[in-house]
Amino acid sequence: MPEVIYAPGKSPELVERLVAQLLQRTGRAIVSRPDPELHASLRRLYGESHELTGSWVLGIHDRARPVPSTGGRVGVITAGSSDIPYAQEALVVAQQMGCVTREVYDVGVAGLHRLFPPLRELLEEGVDSIVVAAGMDGALPSVVAGLVNVPVIGLPTSTGYGAGGGGVGALLSMLQSCSPGLAVVNIDNGVGAGSMAALIANKAAEARKEARE
Amino acid sequence: MPEVIYAPGKSPELVERLVAQLLQRTGRAIVSRPDPELHASLRRLYGESHELTGSWVLGIHDRARPVPSTGGRVGVITAGSSDIPYAQEALVVAQQMGCVTREVYDVGVAGLHRLFPPLRELLEEGVDSIVVAAGMDGALPSVVAGLVNVPVIGLPTSTGYGAGGGGVGALLSMLQSCSPGLAVVNIDNGVGAGSMAALIANKAAEARKEARE
Amino acid sequence: MPEVIYAPGKSPELVERLVAQLLQRTGRAIVSRPDPELHASLRRLYGESHELTGSWVLGIHDRARPVPSTGGRVGVITAGSSDIPYAQEALVVAQQMGCVTREVYDVGVAGLHRLFPPLRELLEEGVDSIVVAAGMDGALPSVVAGLVNVPVIGLPTSTGYGAGGGGVGALLSMLQSCSPGLAVVNIDNGVGAGSMAALIANKAAEARKEARE
Amino acid sequence: MPEVIYAPGKSPELVERLVAQLLQRTGRAIVSRPDPELHASLRRLYGESHELTGSWVLGIHDRARPVPSTGGRVGVITAGSSDIPYAQEALVVAQQMGCVTREVYDVGVAGLHRLFPPLRELLEEGVDSIVVAAGMDGALPSVVAGLVNVPVIGLPTSTGYGAGGGGVGALLSMLQSCSPGLAVVNIDNGVGAGSMAALIANKAAEARKEARE
Amino acid sequence: MPEVIYAPGKSPELVERLVAQLLQRTGRAIVSRPDPELHASLRRLYGESHELTGSWVLGIHDRARPVPSTGGRVGVITAGSSDIPYAQEALVVAQQMGCVTREVYDVGVAGLHRLFPPLRELLEEGVDSIVVAAGMDGALPSVVAGLVNVPVIGLPTSTGYGAGGGGVGALLSMLQSCSPGLAVVNIDNGVGAGSMAALIANKAAEARKEARE
Amino acid sequence: MPEVIYAPGKSPELVERLVAQLLQRTGRAIVSRPDPELHASLRRLYGESHELTGSWVLGIHDRARPVPSTGGRVGVITAGSSDIPYAQEALVVAQQMGCVTREVYDVGVAGLHRLFPPLRELLEEGVDSIVVAAGMDGALPSVVAGLVNVPVIGLPTSTGYGAGGGGVGALLSMLQSCSPGLAVVNIDNGVGAGSMAALIANKAAEARKEARE
Amino acid sequence: MPEVIYAPGKSPELVERLVAQLLQRTGRAIVSRPDPELHASLRRLYGESHELTGSWVLGIHDRARPVPSTGGRVGVITAGSSDIPYAQEALVVAQQMGCVTREVYDVGVAGLHRLFPPLRELLEEGVDSIVVAAGMDGALPSVVAGLVNVPVIGLPTSTGYGAGGGGVGALLSMLQSCSPGLAVVNIDNGVGAGSMAALIANKAAEARKEARE
Amino acid sequence: MPEVIYAPGKSPELVERLVAQLLQRTGRAIVSRPDPELHASLRRLYGESHELTGSWVLGIHDRARPVPSTGGRVGVITAGSSDIPYAQEALVVAQQMGCVTREVYDVGVAGLHRLFPPLRELLEEGVDSIVVAAGMDGALPSVVAGLVNVPVIGLPTSTGYGAGGGGVGALLSMLQSCSPGLAVVNIDNGVGAGSMAALIANKAAEARKEARE
């Protein structure tokens, strides 16, 4: 399980030191929500020797010590564009756990027709699990879990204001879903969603591998 | 606006007296949630001379004094079968306000494919407003309002248990919806939803009539 | 349905680019809550060639491509002066959906006598729907819906502190109303209230037009 | 301050014994929410020798030891008919604290025109304080306190279901009121509202008396 | 009823203009929560010709047009020192409504012995009503209302953090009190508490005066 | 730590079998909330050979195998009479943990003068810890912890209705207390309060004993 | 996905008819929470020709049409004995989805030593996913997910009273967990937990099978 | 009981003056959450003549007037590193109440194996009471209280976001615990936890001392 450094509230020096320690020990690090300066500084420090993925969340890993690919396949879908940062957190965690990932953004229920084509593609690629991030009404995970036969992780996000805002309405709507094969993590917990999705995918991938051997 | 007699907690005699008064004064009455005995007794009393509609909610009106048809057209959709009683409340209120009504039941988001054909029919019939009743995840009104160009009244119902149960998750999800043209009433408030939908429909029908004259 | 650009948290350059794109594509744009600099800058850019309405919310549209008037008529009422910004959001959305609008400000229930004359005027002008914005006690929509025979959209606003503050008390009071013909949107959701009101008004206006033809 | 015996959950024998003790010690007793049998039994026991007031709440006092009239004047107003039992609790407590009381029932904001004439009468009679009981939207106390120059006690009642039901919406709306001269007691706390109103009225009456002497 | 200008979020120029208008129209003004600069500036502007009271809340009135003394007597008690600003709001409002006021600070239930002597003094001075401000546990108003025979207004304040913080625990504890003669206003609503207390006191004072004449 | 059998929802036979097992194994048993029949039946079965304490909660122990006295001393105080059942739970648990107990009932803050004499007695008897049970406003534990230098366990009880009812207001008020030396257990958790108080008292008693040896 | 018939509130005849229809159509049925009579009656009807599993939840399937074994392996753990009914729901659903199941009961965190041996056994048996049911403090899923490398579904149950009772504290504690590889379903939603766990297990089993072929 | 000066929101001069007064009067002072400048300034002022402990919370006491050692022994455990500041508050308070303290940091339930060795050491050192600080899932105090026979004070901390964030989930989980011998203080209330733990420890120490004499 990769460790995640939450940048806000930490000095750039502290984050850089923690990153250096992690990279030395494990060859990889995840920095959550670096500000633009820190982001640039980390790119300067590691951009040549390491692979860097993501922006809001920055995954760094040593090209010399690549994350062993597990063969797990994780899909990530968002309802809106403000859900993308949290989805990225899930993506980067899943990647660093060795999974291949595939994302589909901005296909919320207010315009449902945009959902069907990319969802079909995800299924054809054989994803082992799907993270669905949605704030506000939180309706998308219910819709997706009703359409597919793959475990779905609902990731409510803190978008939206007023009653049920900050992700509360989204979380409750997901908990109330009657679509089978749907479990949830807490609001904005992209790390938790990514680790659960990757663990599921890696279980399946491991089984594929074991049986093959 | 028709008056509604809420039966639970009232003696059958009291309800029957209130019904008699209302019928005499206005020629119509709505009895909400009569138990089977009261239901049978009211059918015995009025079944021949009056038109009776609904079961969980019983609309009674004097055939001799028909509700003047306004030409308003109200559609009512439910996500599940446990939402039907509340939808009926809206239907009976809208009927007694002179509207033609059309209902579509049990087309929730866990099986979205069942929604599209009847929704298309509703639109082809030219409904002026639509009540969408949903409990649990409350996702259906967002989906419908995203698909149609007709004012939608979200009616959350008190189905579901646990966190967000009793209609709370459904209400919050509807309030958080980003589909335009959606407003909500309180949990289980079928009377409110029906009166709002009928008022909207009657405004449109009135305009049709006025212009025609 | 017009698109709304929420300015806070976006750079002036980004907002200006989004506005330019929208204007080119649709001939109109709504900028919600621009700060004074952005406001001035947009006025400089478009003030001559376009019509600009509102301040807290800025509606911009190309004089060369006027919004086709639908003939829908929307009234907007506020309880206090701190509700005005949210009411403006509704007004600008309704205007860009082709409606004629009419506003009445600062007629809350703590001084009820101020309500009656302007409400009578609104009715005489034949509004098709009314948005009533109120924070704190949220009592005004109940009072208005009890007095008129027109669909009312309750718009709770986030004024007020302490228990029930931030619009919660206002929202709950509106949901609990027993006045018929009242539905609500979420706290501060002026865009939702405006789109619902305009959709209702346009349904009626369309009916008036159709019948006339 | 009179003592109140809350009947539900107590055996009829226990209530009767407590009543007998109170009557002997103080010459008066209040029994809250007796069921019909207990009510009848208490009427049988004391109906001839004592004065009995109210039904849902039963005030009993010894004609031989009349409550000394203080000259305080308390008005009690309810929004709906389901608020009456709680209003009665306030009335009976105020009467047993020596006040003259005057009640006005069923004048809620959904039909505001019914409020003005009886409110004017109350003021002409010179009430020293007014209890306003309202459930659901809880809007009436704000309206009343905005119209009069007399201390108002808001008494939220547990009517209404769904979000804000059980008196929560009513309480919050009253707490959020910006009408001056309004304070509240808890949901259904008719005893608290009555004791506060009577204490205020008795302060004023005492002052009238002192100054006269 | 004096008007209160809430300073935070308003420019100093706007506040000064509003103050000038109020002073011209009514001879008095209340400025709530001015920052030190605004405070100093108002003192400079009016310090010679007007009487200025309070600091966190600033009451200003024209010496040439003194508030007519009503003879009402209002006591104000606080549990802790962080409740004082809200208590001041009540004091200044009551003073501008013509009452004589008397305050007692920092006598909370964690050190109950400090309460008794000043409370006895308040009673000996014949206060007509008492505002009791308390945050955190909110226990003081219950204790005071149990000890005196004068109407008590509970004023919960937003001190305290964690569960029940921000005044919620204090408000609920006051609403749950079984001490008679206690009603409450919302959290931090010193203006509401002061206006209620002054209205009660002025009723009594008016009665004293009328009877005397 | 003694085991507690919660009787409601269990058949009398089941409770009796569980009691018999516990008595055989440990020589003691606690039955929480037996109904009158079960109570009588248990008294019949064990009344001669065992010591039975309490009524709402029934402590049974074998005279032949007495609970070894630890010398710990636990005081239990209640604010009202409806708090007594929960206080009894704490008492019986503490007794079966070997403590000497002493109770003081019905000394709530609405009549504070009744508190001081019995509290002084408790202290003179040298109690090692005090459980203070209070519902509604929950103010008593704050008052007691402010007066004594002994660890206090606040036990909120589910008395009271309306906002903050069911013990919520009491719990929050206790959590907000600024009296030092006060910790709380959950609403109605008399078993938890009793076990904490007895553990504290037994620590002290053990120290007294050890040092003596 | 097997269908579940929720028995409470349905007549025995209705349940029996629904069971018969389901058995005919799919060869299997799940009846949730039958009362003892219904339970006995179903056993009488199907006990010879069908396999019946569980008691609180009754799984029925036609021996002639066995559920095809998928090879998926699901573990179910409960913290207390009152969590067992909900765990059974998950077990029966997983079994009818073709999984082999293994349960471990009553190993909550108040006696942690009981957890380790059976958990080790579960892991040695190679479970593909684990449902952990816990009410009250809800701590067990966090502990288990911290110890194993298998996807864990937290199932909060509605045991416990007072603040955080009815499963709320358990749900929130699970959502707050920082153990990776943990997602949750709603309170008491054994069906949802079972379907998610079985879907995960079946994904892995399918992979094992595919690769083998 | 030592007094605690809460630094945020106070000017450095004010804090320094309060510290000087306290030191003169009692020989000790606690400053909660000083910023780095204030911290440095206090170290400069008192670092030579006084003993200074802690950083986030700064305990200062006059070497010339040492806190008399009571012999009480308090253990403090934290689940994570973000709980340390609150734990420090408890430590410093307990030290200034004369207790010997011992802390164990960062042994949360997501990695349970780290807990056992230091817990065993604490017990071998004979601590009289243990404060367990935990945010997020709040599971640690339940686990510890289930393993030891010493009174445990649960200290929930405001770490964690989303549903149950800010310490709410932690507090509820602790209140729901079925481990005996556990009571809680409010979220982040390190002062309350420390004073309760020290009072318990001092009771035991006092008993040890008394008996010895």
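When the chains are written out, they are named A, B, C, D, E, F, G and H in that same order, and each has its own residue count from 1.
Note that contacts are C-beta pairs under 8 Å (C-beta built on N, C-alpha and C of every residue); 3 or more make two chains touch, one makes a residue touch a chain.
This structure is a prediction, so every number in the text was calculated from the model and none was measured.
Note on connectivity: the fewest chain-to-chain touch steps from chain D to chain G number 2. Any chain bridging chain C and chain D, meaning touching each of them, is among B, E; the list is complete. Here D-F and D-E are compared, and the pair linked by more C-beta contacts is D-E. With centres defined as mean CA coordinates, chain E is found 38 Å away from chain C. Taking the mean of the C-alpha atoms as each chain's centre, chain E and chain F sit 42 Å apart.
Centre-to-centre separation of chain A and chain E, using mean CA positions: 53 Å.
Note: centroid distance chain E to chain G, computed from Cα atoms, is 59 Å.
Across the assembly, chain F contributes residues 162-165, 168, 171, 175-177, 186, 189 that each touch 2 or more other chains. Inter-chain contacts, as defined above, occur between A-B, A-C, A-G, A-H, B-C, B-D, B-G, C-D, C-E, D-E, D-F, E-F, E-H, F-G, F-H, G-H. Interface of chain F with chain G (complex): residues 156, 158, 167-168, 171, 186-189. Across the interface of their complex, chain H is touched by residues 80, 108-112, 135-139, 142-143, 145-147, 160, 162-165, 168-179 of chain G. Listed in rising order, the residues of chain B touching chain C in the complex are 1, 128-129, 149-151, 153, 171, 175-177, 180-186, 189, 191-193, 195-196, 199-200, 203-212.
Taken in their complex, chain D has these residues touching chain B: 161-165.
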